[in-house]
């Protein structure tokens, strides 16, 4: 488990005092955390607490105001965003971003296109295999705008994993899916983790997060308010109040 | 294919002339006018049995629509058609310059009208009946001299090749020769539409005369705005203002003087005869472009007669021969410098909606 | 001073022409390349009408305005609306609208060229511009009308688009027409009305400009089109106030170059200026930066 | 047949040069860069080649090569300067560039022949030569359209941020598109000029931008094949509809508008949609069966 | 107040919906459940006038509105909170809200905006910010608020809780319930079945383009096993 490794193993990814400000909006405000290989990490937090922004900063798409990012102990804060994917960090987006006039299959293959040849040959999954696992095999030749929302999310997911990244960042991967479908995806995440893909998931479904994640972070207004074993984090009073809205629900 | 006959073949019963000129688009007036003139000429030639009993001339009109590409491709079609004996070539300099080398290669005699720029009359097969404007613009400057003008301003469209040449080189030279001082030279471009600023500048300098070298719509605006600015000395313009193009300027155009290769006001015998015949046939006044077409067609007919051979090569020889001697047509006496026509031209004045000879 | 007045007059001419185009482009995203042809043809119809009978100033303007509105309305009805109906979204329709406009524009242009043989045409009107003396400056009555109407309409439209309910709805249509319809906006009718208004503005510009210049040629519309395009982009697409400023900036630059007697460099300098301004402000003078987030 | 060829050789050559011009506009658009610098490149290529032949006495192909290379370099440099711009702001800046090229040609004195242009640069070029050039150009473009490269290019256009996240160097692709567009535009200009022996500043204009754009939108904006279809249509259309005589431009406008309405993705798009329908018929049928079963 | 009978909708050759029947009643919350691709969104869009149905009928407030254009449907008092939010991204938060009130009586707009700001303080805070800058959940709140602006009689909601944090889900759903209690009809697609069932009165299950089960929320809760099985099976074969 994560904490047992602290001190000996270098973290796969580490952040030191990261902040992202947009003018006056402090979307992320001083976050320090570490993630170790072979785990599934989850992030929960109220809307607008900075989860997606943090994800953006990790992939360098969103410039950070201060702080450092380390991959395998190596600082990549100044690496341009386009090189991050090649370093083994892959992501999905909160809003589906697919090419509307390319087939599902093509959209998934895009996940491989800019990877070094060697990676493609040695580690990447076969596109048919990915489609099968994610459940879009049936619609391989259709275009994304012919699919329902839930199916589009699956394509997005498939594109992120096909290159077998070392670290997979998922922004609400199961939004728009029902409980049973979420379970499916949860199972898939676990499998991928067993295959060595470390994951960092932003999700609002607490039940599923507790079930799937090894370690949980909770954010509020740009700061970490709790971290640890999922069960503990969810029970943390600050989290209860800020996120699960026990207080709010009562007076509503 | 091998183009043109081998010569010495006599005069055919039907002679086919292709007119490759704008019939539509922004300079359609040149092609349409020339068509009318050419048709009148053909009627006369056939009536007079000028080329012999029953010899017919067929005029094939090919539209260049104001585009260089179209001009080359239509020219190519005409040249590829073995029945075509001679061509009346594009009226825009740019189109003409693009096809001039081709007619040299394919050996098809071509008579251009208008197309007053360089690069048109460049080989034995290229001829031009409309004299370049600068060749008769002396008329205008002489007139200024005669009127005792001492200072002039020049307002010219510097992106229009003919006017650029005139405005930058010829007029200054002509003025210098006559001791006239150019106090102001104002270049504008094709897209200039408002002349308020220039008009005021000119009014402030108040020269004895203004040489205005502008395209048709620009002249209308400039004349009005000059008047509004309070300038009312003499203005000389160009043949672009002919063909009623200045009509819309109304009173502001009264007294405008410009040299033309042809005008209905011309009193020479051949010109007057042309005007009359044209009026009879078309029920309207001929414009200079009609005179172009008329003279071009007669030029070709005379050439055929002179060489007695209506093949391409025969016509070329004939054209060269006629050019050496010159002839009299709608534009008066045409003489040639090489293959390029020269005329005396006429200086006309716009007065109350029509042209009169300037005095 | 007089030069400044000339700049204002020229700028107002550009403005009158550009306003209609900016209105439909900046709100509902219709870049109407037939605007120049609409402008020209409404003046041309005014010319045809006055050829029959001499008319005073206002009736001529009225004729052109009506014709302009009619042409634009027809364009919308027969070309743009069918295009929009057949596209997934606004973005997909943009290019086709542009091309559709180019196609539509060819028709009135060809008709006018055919009729006039491309010689300039004007109005036969009882109105005759008078030269006024305002604080020692020469100003024709036509220029005065152009300046006043250009500024008034420019400011009026700016306020209308910013503040009114319909203005907001128009902008929303430009972003996502379908969702706007879901808010109760009758997008077809609103777009139709806006296009007709833009056409009326083109007609107004056509009439006033023809009075001002004495005559225009069938090709005049095309020349103004590219300038209007430049003005709108310079000002910042979507900002009517930007269009107003853009028009005067362009007019100022052109007049300056002309007065310095570099007539043949006018386009290079004015477009060079636009180029430089865009480098400094990639979204135009008053345009909003397009923001997207991950 | 050979007679037909002789009569139409100019049209055939024009089709090929128009294809090159259209490609020089299409390439950047396909890369998500709204650049019209291709027409400027046409001017640079044409003038350079003509100057090399007329003033320097070079032979045909070195002149063409010089034109293409110089146009490529200049447009690439332009790309470096304007790469920050997006959408129509980029369009405006590159149109400004194109018009400036034309103004420089007007004011170039002896070197460029001023407003009258350069003439007498008749190269030794036949259809075979042009065809060879086109084949090479198209081969390169086919590579940018195929497989992974094609997907990357599409992503750079449709969603640059996604492209970055997928590890694609967006800036490099965009700059490359400038260079490619410059070289192709330069080739088009050089070949066209030496074919017809002259070039004038008036040719390097907005009209040409419109022609190229119309050709690619009507043909199909996403592939060289679309540009080819467009070039064929617009070069041959006048011949095909010449029977309507003076109404040609009216018919032309009508056809362009109709194409804009009924062919959302151009002629090529129509074909592709049909293919997609056929290819996915089975999948759809499977889904239908599934649905029926449920 | 809403009666949808045997709706058929297709996208070209794809028959997305063939036989969906739904009802919604004033003052009640009707919950629509179904797997990905079942045709829920398609049905809602067809009802709201964004898509012409091939067959079937939609009656609203005693009138046949089948195939009526969306902007007219809104004026009759039915509004859709679309899937994927469909916020006007370049417009400000406040302008988005104003757009929502486009069809509402003039006087009610300012008041409506204030009310929404009270429900979602974060929107008030960012009222002049461009809506595109909001976080996913904030946009979802805005979409919900915008729909409220039109003061509808019937509100169609396509996954209103998507992307919302649990506390916010509670807040939105309880305000939905509160709306229903004031007499507004609600037809809601919700993947978060548990949360949805908590406030629903009746339930319809759509599977592969057809309505396959309808009943009260209590029945649905009791026969949870049935519903779950149905959803689970659909999820398994992935379409």
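Annotations for the structure displayed:
When the chains are written out, they are named A, B, C, D and E in that same order, and each has its own residue count from 1.
FYI, a contact is a pair of C-beta atoms (placed from the backbone, for glycine too) under 8 Å apart; a residue touches a chain by one contact, two chains touch by 3 or more.
Chain by chain, the UniProt names read as follows: A = ATP-binding cassette domain-containing protein; D = Branched-chain amino acid ABC transporter permease; E = ABC transporter ATP-binding protein.
The structure displayed is predicted, hence computed values, not measured ones.
Shared contact partners of chain B and chain C are D. Chain centres here are means of the Cα atoms, and by that rule the chain farthest away from chain E is B. Between the chain pairs B-D and A-D, more C-beta pairs are in contact across B-D. In this assembly, the C-alpha centroid of chain A lies 50 Å from the C-alpha centroid of chain C.
Between chain C and chain E, the centres computed from C-alpha atoms are 42 Å apart. Distance between chain centres (mean CA atoms), chain A to chain B: 76 Å. Looking at chain B, residues 24-25, 158-159, 189 sit in touch with two or more other chains. Residue positions of chain A touching 2 or more other chains: 52, 61, 93-94, 100, 138-139. The set of chain D residues touching two or more other chains comprises 106, 115, 161, 165, 246, 248-249, 287. The touching residues of chain B, counted against chain D in their complex, run 1, 23-25, 63, 65, 68-70, 72-73, 75-77, 80-81, 93-94, 97-101, 117-119, 122, 158-161, 164-165, 189-190. Remark: chain C residues 165, 168-169, 171-172, 175-176, 178-187, 288, 290-293 touch chain E in the complex. Those residues of chain E that touch chain C in the shared complex are 48, 50, 69-72, 74-75, 79-80, 82, 86, 88-91, 95, 98-100, 102-103, 130, 132-133, 146, 150. The touching residues of chain A, counted against chain E in their complex, run 22, 44-48, 52-53, 94-96, 135-139, 146-151, 154, 172, 175-181, 183-184, 204-206, 242-245, 248-249, 252.
Those residues of chain C whose C-beta lies close enough to touch chain B in the complex are 2-3, 6, 9-10, 13, 110, 113-114, 117-122, 129, 131, 138, 140, 143, 212-220, 223-224, 227, 255, 258-259, 261-264, 266-267.
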